[in-house]
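Letters A, B and C name the chains as they come in the text, with residue numbers starting at 1 for each one.
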Amino acid sequence: MDFVTLRKNNGIATLILNRGKVNALNGAVVDQLRAHLKRLEAEPDVRAVILTGSGKFFSFGFDIPEFLAFSKKQFTEYLVNFTDLYTYLFLFPKPVVAVLNGHTMAGGCMLALACDHRIMITGKAKISLNEIGFGSSVFAGSTEMLRFWVGNANATAILYSGAMYQAEEAKALGLIHEAAAEQSLLAAAEHAAALLGAKASPAFASIKSLLRKSVAEEMRQREASSINEFAEIWYSDATWANLRNIKIY
Amino acid sequence: MDFVTLRKNNGIATLILNRGKVNALNGAVVDQLRAHLKRLEAEPDVRAVILTGSGKFFSFGFDIPEFLAFSKKQFTEYLVNFTDLYTYLFLFPKPVVAVLNGHTMAGGCMLALACDHRIMITGKAKISLNEIGFGSSVFAGSTEMLRFWVGNANATAILYSGAMYQAEEAKALGLIHEAAAEQSLLAAAEHAAALLGAKASPAFASIKSLLRKSVAEEMRQREASSINEFAEIWYSDATWANLRNIKIY
Amino acid sequence: MDFVTLRKNNGIATLILNRGKVNALNGAVVDQLRAHLKRLEAEPDVRAVILTGSGKFFSFGFDIPEFLAFSKKQFTEYLVNFTDLYTYLFLFPKPVVAVLNGHTMAGGCMLALACDHRIMITGKAKISLNEIGFGSSVFAGSTEMLRFWVGNANATAILYSGAMYQAEEAKALGLIHEAAAEQSLLAAAEHAAALLGAKASPAFASIKSLLRKSVAEEMRQREASSINEFAEIWYSDATWANLRNIKIY
């Protein structure tokens, strides 16, 4: 199954998450996304990448019903795979514009935070790191990326509350860069991708690395222990009971 | 003497600084505050802590007249004790809401910065890291906590000026989260404590640690040398002359 | 040739960049600036320093036409010299106020970022880290200083775009502290320098170091590899072609 669709136009590659109604993330999505990115990184004619979702969701986050069948060891392997992907995306040498076409939750929000520029649809769609709401923690890397964009005070407010934000609130917090109505979302994305893609590639890659490499080192250094703590909490009785009540379809 | 009063209600423990007119901090206050916190950390029915002061002050900061009788060695021991306390409080696994019922100065402000949420009374009360005004430095850990909340630019403005801020200015700077009139201060505090206390404890503790542990490591790494430099400046002739002129009662 | 003019008045030393029409930076300017600063650091009657430029520019940045005649080795030596200077300035124990009397570009902006307070003239003058516009990277240390003042989100916007900002925009981004019309620029500078210069020197130096020493360690740790990458990009065919088209007089 292809859960990630690729389109190319004028040096801009668009990757579209396309898995069920909510683009729930699992190992296959992570693997396909990485494989696409690896190819796009190597293609000289690709100047910028747009990452978006199909339907009413950018992504709901993890496919929780699927993961309920996983052993802790299997789930931990997925978490390593997932956090490796967002770290790779965070350091991707070409510009990546996230187009948040709908709800952007938990793991979906983490992928978006790894990009260079986030444009979110106005209206009912929400963005959230809502893990605390169902008794889950987050990861060291996702915390660092959040801190990178919004600072520690807003990161604290976002993670402690697990609140869901519409585009304008998200922009005020620094979670996104632009809010755009549905009819102008695509044009805004292509404009942003074209602007960043027009920069000299070696200079862009070098500057991005100067801004992010030390952050990524911090992410990598703390990720393994944070994954273990995340899994401990995930498999605790109280959190497990919450997870069993989550419906994603 | 009991310088810290404890009240409990509905899973919320309230610690009230209660020492003289200005709740000046000394070794006894630090020891009692730590002892209370250690017990509250271990009590499963305590979901959140409120830290506040009695009277017109949250805290004036250090009891300078008392410390004028200390040798540099004794004073340094107190500084280690005090900075250990704020680092412990910064990493306290349960939510801590600081209710700034009045003036919140110097060391008092440092304790407040270690909490998760600060609500300050509107009106004449001021918050300040005013050390530079009497020729004193601050500590590495307090600098990191300040930076955590307000960023480097505002931290620079606050520490270079030693200015005293009313609640609305303090909120604009990021020093506090909420400003509340005297009659609504308690209700605002209980609301904030109840909200944070309602979160799943393991998830809250894990997320708080993800946000703060790396900061606390930075604090601990630099604290000893900063304490020595602080004491050198404190006992210099020029600063000592200023300290002798400070009246706190 | 004297490319840096020194004036002293009431404990405030003013250093004026004075090299051609645009105060382009080269090895001589860097050496003279460092020599002046070393002397001012040691003079007890100097309470604060103002750094400004003559004419319509604070500084255009590097003297690109001069550097086109340099071997990569010579240019790398200059880059080490220049980045050493801004790191020294960033840690200078006395207050330094940058008065941006006109355009403040690239390397000129980096020097300004190392100061404690920036006042920029209103009107047509622009401030920019415009390196990406001609295919150049920046340095690790300049990235850290930018991050220090404006946070990661604004640092990303500034460096990815290479945009040029007038004073009010620059203030909103956190690049400068004050915007002042030409006729009040000098008074604003002297006021800021006098305020900071009036603080107790040991306390000011200690607090400045607490805020900046860990940042400077990060700068130093990454500077050498960033200089090598900068030089690689600078001497690439594409960037070199851009550099040959830059006119500075």
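Methods note: a contact is a pair of C-beta atoms (placed from the backbone, for glycine too) under 8 Å apart; a residue touches a chain by one contact, two chains touch by 3 or more.
Treat the numbers as computed from the prediction; the structure is a model and nothing was measured.
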Partner chains shared by subunit B and subunit C (touch criterion as defined above): A
Fraction-based call for subunit B against subunit A, same above half, different below: different
Interchain centroid distance [CA atoms averaged], subunit A/subunit B, Å: 36
Interface hub residues of subunit C, defined as touching at least two other chains: 151
Subunit B - residues contacting subunit A, complex: 95, 116, 148-151, 174, 195-196, 199-200, 202-204, 206-208, 210-211, 214-215
Subunit A-facing residues of subunit C, complex: 131-132, 135-140, 143, 147, 151-153, 155-156, 159-162, 218, 222, 226, 229-230, 233, 236, 238-239
